[in-house]
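After this come two complexes, each holding chain A, first together with chain B and then together with chain C.
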Partner chain A sequence: MTQQTSNTQAGSTRNSYRKSHGGKGVAPLFGLLPLAVLLLIWQIFGNPHSVFFPQPNRWLTAINSLQQQGTLWTSILATASTFVQSIIVATLIGTTLGLALGSINWGGKALDPLLDFLRNLPAAALVPAAAIVLGTNTKMALVIVVFSSVWPILLSTRSAIMNLSPVLSSSITNLRLSGPRRTSVMIGSALPGILLGVRVAAPLALIVTLLAEFITNLSGVGALILSAQQNFNSAEVYALLLLAGVLALVVNSIVSAIEASVLRRHGPVTT
Partner chain B sequence: MSEVRNQDEVIYQVHDLSVNLRRRGQERVILKSLSFDVRKEECLSIVGPSGTGKTTLLRALAGLIPYAGSVRYLGETLDGPASDVVLVFQDYVNALLRWRTVQKNVALGIEGRIPRDQCQERIDEAIETVGLQNYRDSYPWELSGGMQQRVQIARALAMKPKVLLFDEPFGSLDAMTREGLQDELLRVRSVFQATCVFITHDIDEAVYLGDRLMLLSGSPASLSFEVDIHLGETRNQISTKESGEFLSLRHQVHEQMRKAHGASQSTN
Partner chain C sequence: MAPPNRQIRLIGWIAPTILVVLWQLSIDIGLIRFRYFPTPVAVARALYTIALSGALYKNTAHTVLVALIAWAIASVLGVAVGLVVGLSVPLWKGVMASIDVLRSLPIIALVPVGVIIFGFTLKLEIVIGAYAAIWPTLVNTVTGVRQTRIELLDVGKMLRMSALERLRKLIFPSSLPVIMVGLRLGLGLSLVLTVVSEIVGTPHGIGNALISAEQALHPGQMFAYILVVGLVGYLLNGVFLYAARIFSPSERSREISR
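On to the complex of A and B.
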């Protein structure tokens, strides 16, 4: 009980190291102030008849009309669903492979060139290939997003496992832990590394989700942006750009919050 | 103390043990031709300067590293992690699982292996033995260094091991905490009848805790001196350490260590 209350007190020591762990809380909202000021200046000094730089109030009108057409929320949902499914699948695959590759000694360096090759394949270039193989559908989008966001998780997990303390590995062997018990201890100690990978992967997954929608015109926020651009509806383009930014911000705070709450049991970072 | 020993009074029979380790591609002889026994329920102190290979010796006894020569544990050749042998590491921070509470850490070696109620009983017993009953649900990082080391000892005790291998367990603790834990260890040993091998570079600690003491020195390391310690069952930080027996043992070990050091210097 007392622990919980001290947790919620801003400025308590507990809280301050949580922040350094990635739990940012409300802090980014204050950081958005410059953007808000910029939009305000735009609104006040902007040209009401500008084609390329519509004032922010026209963005709101555009968003509103999208909502009335009923496409706004379905698109956001479609994007969110692709994103959430992908990040979950990427986390599962990345953690499993990272765990496996980190546990075998020769896997450390021998597979590096291959991993570097795969990791650096640009997602945009993959879309046509995946479209040929899988067709233009949600499944294809999932594959592309998983493929591009799995690497940070995999590599981060692998390095966490490879850097396990020798004392801990000796303990595991000495206590004769094997099978799921061994794995759970290893995952537990690699958890900060795994979550770091997820934190890096999440924005990437969102970008690639939008990109896949953009290129293939699957329903989603990316497709909305594309059609807005094709219809020369610049206010809508800006509005959706802002929406994408907000989505990224939301994703980032959710992931950080999850990370902070999972790592609460790990205590302060020791390096 | 008869010289003729029954076979089952000997836990370890080590004969001509050598260990080579590979470091940065170079094979180095760490231990060379060690022969000794570890007797049932004794506490064998092995003392030697830092970097001699004391930890390597313990890891060999735990069956964690390959070796040459013969190590017989309970009469059988050791070829893999030994059962009922628990290591207690100096580095308690990494030995404990930071995301598990004290209770769950102590459970690590026995959970899923024995019935649940029996498991809980053993956990409680071990935690009470090291005096952490008020910290069951704390996380290791919330505790002081000395308390964390107690958690590691409790984890070992809960397994009811035949052998406890201590690898400089109190090396990173302050002097006061260390003395407290030394006495605690003596008390624990009187309750849990386990055989102990205790490694340290601190001669006073080695004499205070041991029933027998061996000196490990040189590079590659070998055993250069052995002595029985007769300080009785109950020992006291003040009176035992002022007794003639303690002081003369301490003197002998210091002298032998200096001699061994001198010898290794002249061969270099």
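On to the complex of A and C.
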């Protein structure tokens, strides 16, 4: 769902930015100023004993005390390990299935309704189901995160394969490529699509990882958030929100960096 | 309905049917062995039970209603703020980075903040649902408005339209397809986040029923509710696309559903 919007948006922006009144681009960084001012006002004029809106400096104290208890880094590591494993497995499964489904031309009609239904199942509802069937463990988290984040990769790969340039598909036929060579040519040309899928899937995988930890109290950053909420430790809740934001930022920058480097090595993209 | 369309529908039922039959068989012959993994027949039976007791109707009505209220609030706010930010270039430069930071905060980490402020109340469900839905609407409205072609604005200037007229007759219609995509994404998100806040602790709706079924060790009922959440999301999406097709020309609705 999300992948397709960003696809549309990117496409239409590319075609029309020169001729639109907004112009091109990334929002300038000084746009962060309102947020910074807000935090500053909160810090200076906030009530130091507020339960609902603890001042920003108390967030930092909370993070620090988590670190001293030693739970901070082990939790981050647990979350990161689930996330990394899931995104790798999801990429492998998504690319394989996407390649297979993109190569059969009756697949669209027959499978679209099912795929549509499955990818729109909310991960939140699936977590308790997975927990009751598989038990509360890392394997369960992996299954759920892979199940939720595989769709953007699968669909993006499939549409990349279905929209291969006619020249390329007829070359594949004419050269009678088959087996591994055919697959490698197809993966190569679908690479931008695969990477687009991964870029959409990565933030989703992080959210579902946190969600699984949060709902089942499986150790990780999500479980830290849950226990902070249950203890009404509001400063810690805000601090962990900040941490989750930082994690999301890190994930996004890593994925963008990988995407850029792969595409650079792969050569100019002509889509 | 045109024949090819009906054909697609018929074909579309084949894959789910095969999947369900495989699911049933693999449990029956012992290929899959989990203590609490229900068969499709058990799920259907549980669905029948909750439908008969009225719990299904009550919970679904609650969740759908809350999600729609949250979505409506988010849509009004998102489009309004999006129009303002998209129309003014200095304002866009001044606040867009802040908006980008706020919207990329993982929403699941915000749920506990909501719990601390509102407790497990109806307000929590609505606020969380609306907060999740506002970002795609807002961001797509900004994008849509900023994509308005300069020629179109020139036409407005030439015809000496007032600013309000230009917005109503030129900018808004030309950005509508992109805004509609945002609204559609928002609808899905508000449903999901409503269910999340129910799972986390609000004592109403599908999410709560799902967790109660888990704690009572009724996997059949649990999977029945998951099926219902999936169907509700599917139907809301379908209704939205159908409405979009009625209210806007065919070319646009194709873009919305893409």
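Please note the rule applied: the second predicted complex is superposed on the first by the 227 of 271 C-alpha atoms of A that agree within 3 Å, B and C clash if a C-alpha of one lies under 4 Å from a C-alpha of the other, contacts with A are read in each partner's own complex, and residues count from 1 in each chain.
Operating definition for what follows: a residue touches a chain if its C-beta (ideal position, glycine included) is under 8 Å from a C-beta of that chain, and two chains touch if they have at least 3 such contacts.
Small disclaimer: the values here were computed from a predicted structure and weren't measured.
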Of chain C and chain B, partner touching more chain A residues: C
Touching partner for A:173 - first (chain B), second (chain C), both, neither: first
Touched partner set for A:79, first chain B, second chain C, both or neither: neither
Partner chain(s) touched by A:165 [first = chain B, second = chain C, both, neither]: first
Which superposed partner A:111 touches (first chain B, second chain C, both, neither): second
Partner chain in contact with A:214 - chain B first, chain C second, else both or neither: second
Contacts of A:149 with chain B and chain C, given as first, second, both or neither: neither
Chain B versus chain C as contact partner of A:138, first or second or both or neither: neither
A:189 touches, of chain B and chain C: first, second, both or neither? first
Which of chain B and chain C A:128 touches, first, second, both or neither: second
Doubly contacted chain A residues - partners chain C and chain B: none
Of chain B, residues touching chain A in the complex: 59, 62, 64, 81, 83, 85-87, 89, 91, 93-95, 97-100, 108-109, 111-112, 139-142, 159
For the chain C and chain A complex, residues of the former touching the latter: 7-9, 11-16, 19, 34, 36-37, 86, 89, 92-102, 104-113, 115-117, 136, 140, 143, 145-151, 153, 178, 181-182, 185, 188, 191-192, 195-196, 199-200, 206-207, 210-211, 214, 217, 219, 222-223, 225-226, 229-230, 233-234, 237, 255, 258
Touching residues on chain A, where the partner in the complex is chain C: 1-2, 4-5, 7-9, 12-13, 16-17, 19-23, 27-35, 51-52, 109-114, 116-117, 120-122, 124-129, 131-134, 203, 206-207, 210-211, 214-215, 222, 225-226, 228-229, 232, 234, 237-238, 240-241, 243-245, 247-249, 252
Interfacial residue positions of chain A with respect to chain B in the complex: 165, 167-168, 170-171, 173-177, 181, 185, 188-189, 191, 265-268, 270
